[in-house]
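Labels for the chains are A, B, C, D, E and F, by order of writing; each one numbers its residues from 1.
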Amino acid sequence: MTPLACSAVPALLAFFNAEQLARIVDSLERNLLTPIPLCFLLGMICTRIHGGIKIPKELYYSIAIFLLMSIGFIGGHELAHEYQEHGVATIWKPALATLFLGCLTPITSYLVLRYVGRMSIADAAGIAAHYGSTSAVTYAVANSFVEQTQHPANSFLPTLVTILECPGIAIALVIGAALSAKERARKSAATGRPSKESRLGEALYEVMTGQSIMLMAGLLVIGFISTLFMDPKGFQPFYDFFQSKGMLFRGALCIFLLEMGLVAGEKLGDLVKVGPFLVAFGILMPLVHGFLGVYFGHLAGLNLGGCTVLGAIVASASYIAAPPAVRLTLPEANPTYSITAALAITFPFNIAIGIPIYFEMAKWVGAQ
Amino acid sequence: MQLYPLRLVTIVGESVIMDDIAEKGLELGATGYTLSEVVGEGARSARNVAIASGDKTMKLEFVVPSEVAVDILTHVSHEYFEHYAVIAWLSDVQVVRGQQYVK
Amino acid sequence: MTPLACSAVPALLAFFNAEQLARIVDSLERNLLTPIPLCFLLGMICTRIHGGIKIPKELYYSIAIFLLMSIGFIGGHELAHEYQEHGVATIWKPALATLFLGCLTPITSYLVLRYVGRMSIADAAGIAAHYGSTSAVTYAVANSFVEQTQHPANSFLPTLVTILECPGIAIALVIGAALSAKERARKSAATGRPSKESRLGEALYEVMTGQSIMLMAGLLVIGFISTLFMDPKGFQPFYDFFQSKGMLFRGALCIFLLEMGLVAGEKLGDLVKVGPFLVAFGILMPLVHGFLGVYFGHLAGLNLGGCTVLGAIVASASYIAAPPAVRLTLPEANPTYSITAALAITFPFNIAIGIPIYFEMAKWVGAQ
Amino acid sequence: MQLYPLRLVTIVGESVIMDDIAEKGLELGATGYTLSEVVGEGARSARNVAIASGDKTMKLEFVVPSEVAVDILTHVSHEYFEHYAVIAWLSDVQVVRGQQYVK
Amino acid sequence: MQLYPLRLVTIVGESVIMDDIAEKGLELGATGYTLSEVVGEGARSARNVAIASGDKTMKLEFVVPSEVAVDILTHVSHEYFEHYAVIAWLSDVQVVRGQQYVK
Amino acid sequence: MTPLACSAVPALLAFFNAEQLARIVDSLERNLLTPIPLCFLLGMICTRIHGGIKIPKELYYSIAIFLLMSIGFIGGHELAHEYQEHGVATIWKPALATLFLGCLTPITSYLVLRYVGRMSIADAAGIAAHYGSTSAVTYAVANSFVEQTQHPANSFLPTLVTILECPGIAIALVIGAALSAKERARKSAATGRPSKESRLGEALYEVMTGQSIMLMAGLLVIGFISTLFMDPKGFQPFYDFFQSKGMLFRGALCIFLLEMGLVAGEKLGDLVKVGPFLVAFGILMPLVHGFLGVYFGHLAGLNLGGCTVLGAIVASASYIAAPPAVRLTLPEANPTYSITAALAITFPFNIAIGIPIYFEMAKWVGAQ
């Protein structure tokens, strides 16, 4: 299957002409040689050489909470401005496009995994749940990338992240649960325990009221309201605390990616276990989803930065919200596959190489 | 001082299932439970995933009468042993004012 | 008892004329539609719908430590300026007034709880200990409220918070311990264990050397000294880190209130248990204490903001320092009563509605 | 390798009382103790309150000779069972070089 | 539901040595282990030092057959009792599907 | 032995003339009456009076991580500038001098402890490992001291901290392990376990890939690279987050020293146990090492601030990296000695009195 991978990448790069490739390489460098990806790299190296860096999990969770709150709050703030100027005119199309992509990507993922990769129903659905959802950190990195290239994304992108979070997981879990119904039915007969549905419903509810959604959507509303009702002077300190261009957000991102690198480093060892197909999937699927994100974003009227970021978040895979939900609903699925693919392949690929490529794709489809 | 013989049920496994087991334990007749975060390694523990702001593995303890102990272990064994990383064992304990832990 | 509550509120609002009510409603809106109360609300909602937000307790404690240090440090800093200008001339009266209120409020609370509410000695004393002390977070919220209304409080208010922390708890515990002496004596006879006094002394000591006092008083001294001896340039970064108008303090407050909302949401379920009297108590007692705070603050020469904040902290109830002390000294007291009243009734009432009312009271008594 | 039979006393209850119990245990003859933070639910655990930067519930363990075990449990039973959320039990253990834990 | 008699080996001691002991335990035949952070006091625990982002004292548990239990305790006793703060004990447990924990 | 101490201090102070002493006292005051040492003092007091301040260990570790990352990142940033201007011309001499001191100080410490103090091989080597390494926090405090005296240190001092971290521990452990080989050999024969070497190797590797090194060296490289390749505007937020003059670094330092004070307070009780010799050692050894640092720093061409800081870090003793390594390699050594000396004697001595003295020494040797 590696040949597939090896041949596919150039095949795909063939889309680009020499000059574009040059630009990609150049922005690759500009993107890679910045603290955020370098901290991820440091974490990976540290794990590989059994170094002693230990990030307390409470710090990791605290930063995750801060990042989600920031994304939501600033999103709500800018949404309020957008709304005051244009009402919902500029927003509804991108919102619909995002919702559509949120429903499409788990299905594409499932089909590829099940019929190209010949994986079991549970494993295919489990991995599809991860790739159907999104990674807030990938959003944050993509956002700082476009900010640094002086093409800031449309103000309502954080809203799109929130929209993209749930549907993918939900659809993949429903597919998986439904299709593996027979086994589970047999099992439940044997043990005489309530049939899986209950479990599924519960898991879906937990996804929809999970930490990521509650914090992003909640702070989005809070940011929106306080922008409308507070005087700017009083609003300023909150803005400074949460703003994504600010030192707190960027610095927190460094520490967070250091920890993600430490974890990804461990998963690297599992690459052999997961096999060449999943490695190829973890690189090619994002490129496809990324292109869809860029393309539909462009149709929906997003600007250059916006298309790039939408591409990045559609291409990204969830590794926080999805795993426990999948574990509960599809216990037969082996988490090693999904988490290794999402965290050790797709995430590094996106922040290192993917984002600049989506940026070029966005130019290529004519976004500006 | 009166001591009353009961069973201590100890379950160590993936965090994702521990709340459900704790609840089920109360349903099955336990008057309470004690839960703590641990780090573990086992045959299948590689499958464990972290839950929001929590550890991957937890330890759950019930002090219960024999029948309840057996019911809990049977439930865990049937429900979770196949697909989840979990270990469960039983031991004898002498409990202070133990009657109050018998429903 | 609810009728009492229902009738008392309008009765009390009758103090205000239409125009004042209009202003209250207006500042209510200005107060409520800001991130800090909204985060509290988000927390409550999240718990009610069993949402997935989980704030690591280490983050919660870390923020508490930061807030207490900030209040102390900035307090000491401004105290130093005040001191350099006026010596103790402006400070001693408010300090005495605060001390007096710290001794009065536990007694008023106890009498109302015991003889109006017909609660047991232990429960009455336990709750009185909470309402006799104060809540540093309520101070922080009240302080940002008056700052936003352009009526900043006198510089030495943080000093008053420190003064208000202990006496109330101490007095209530002594009352409770003394009055329930007979039972406890009997009990200790039975078990032949050292008489309660030891316990009480120990608990009192723990209150007086507790985290809140040590950090607020300690940083107050540190802020005072370094203001006098450091050159302003060297002092600046510390000031920026701790300052209450700053992004760190305001942002930390958001996260802290989110967690408090999560906890208060759980306690909401206990409202039924605690019954209508305690609900009424949790709303009316603060209004009475708030008025006393405002009134004596005015007599002691505080400005408009100062009276408002003093009213708020006198009205507020402790939910960090008091509970363990009460638990140790009055084990018969049911913590559900005191904590539900302090956290799920009085605290939200104060930050949402109380503070603007105290602000109006302060104008009404003629503070400016 | 010599094993020595002793008793393991386990006490789970409100954090506010655990330090006192640990101290008392040493007074009563324990050579040490082991304390850990847990999350618990029980008949009265709703009463538990958090202590400064700590959890609401803790687990305390003593490895001690029978007499000491009984003394500790008697103390806990008399002092705390009435008003505090606490459970305590006893079990038999074989301790490596156990003599050194007998004062 | 089948229960299988095994031994529970509990080791409480300095964090610095716990990883080594856990590994050694697996070498000696344990199929897994459970590790948790505790706070402790004992004859020599004053010697404990904190490790990077960790506690000073940890508790390590193995569910194993008797022979393995003895091997582990012998190893701990010979290697660590002289210079390290550590206590170790053994107790009997009934394990669900216990055969799988016998290598 | 105390006479030795009592006589030695004046003897040593005799180096200075009246005017210098006056300056020392003056800068002592300027140094002591600032938040950082005062927070340490507050912590000590709190422990002594059994006060209730509790810093969650996760907060403590998080701050340690942040401080190490800051030192590395800013170090790399300034190293990049230095490098762009002068290449390695200005750096190689100080680097060599630091390496030399890192190899010398563990030996001097060992000899004094073993032959003056008559301590056991293991104890002498164990303590030498602490004093041969360095304390990043002492660096941070010394650095803010020289910044406040308007004599900022050379830009590459953080690089020297990194160089100084390991060799001292390594050499002391090797000495200890080798010299105590016989006992350990006998022991290993008895138990038939792999001979100590394995252990030693493992411990050395853990030191060299420990948290301090990985974070400082890693962020140093990251800071260096991103300074060279990023545009300053994009680099700014990271710089603001990590910069040592900034509010985050200074504020974090306050909280960190508060916790260190809490721990040191406990160790104070052990001063009696460790005896007068170790107390004297903990004060005089740093003065000697501090002078060596200042002197060789001057020879290597460091400026006034640079010599002072190098003196401080050479004089400082490690209490984070060294203890576990020593515990693993030299189990017979009693950690109470080394940790009490490093944390309860040398650290407070350095931040309170030592640094201003090294500053005077630096002037005295003619650095500017």
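Basically, a contact is a pair of C-beta atoms (placed from the backbone, for glycine too) under 8 Å apart; a residue touches a chain by one contact, two chains touch by 3 or more.
Here the structure is a predicted model, which means the values were calculated and not measured.
Number of steps on the shortest path from subunit D to subunit E, with steps defined by chain touch: 1. Ranked by how far their CA centres sit from the centre of subunit F, the chains are topped by B. When chain centres are set by their Cα atoms, the one at the greatest distance from subunit A is D. Inter-chain spacing, taken between the CA centroids of subunit B and subunit F, is 47 Å.
With centres set at the average Cα position, the gap from subunit B to subunit E is 20 Å. In this assembly, the C-alpha centroid of subunit C lies 42 Å from the C-alpha centroid of subunit F.
Per-chain CA centroids place subunit C at a distance of 35 Å from subunit D. Of all residues in subunit B, those touching 2 or more other chains are 36, 52-53, 91-92, listed in ascending order.
Of all residues in subunit A, those that touch two or more other chains are 52, 54-58, 61, 210-211, 248. The touching residues of subunit E, counted against subunit F in their complex, run 14, 16-17, 46-53, 55, 78-79, 82-84.
Residue ranges on subunit B touching subunit D, taken from their complex, read 1, 3, 6, 8, 22, 26, 31-36, 63, 91-98, 100-101. If you check the complex, the residues on subunit B that touch subunit E are 10, 12, 36-43, 45, 57, 59, 70, 73-74, 76-77, 81, 87-92. On the side of subunit A, the complex with subunit C involves touching residues 56-58, 61-62, 65-66, 69, 73, 205-206, 209-211, 213-215, 218-219, 221-223, 225-226, 228-231, 234, 237-238, 240-242, 248. Subunit C meets subunit A in the complex at residues 29-30, 33-35, 38-39, 42, 45-46, 49-56, 58-59, 148, 245-251, 254-255.
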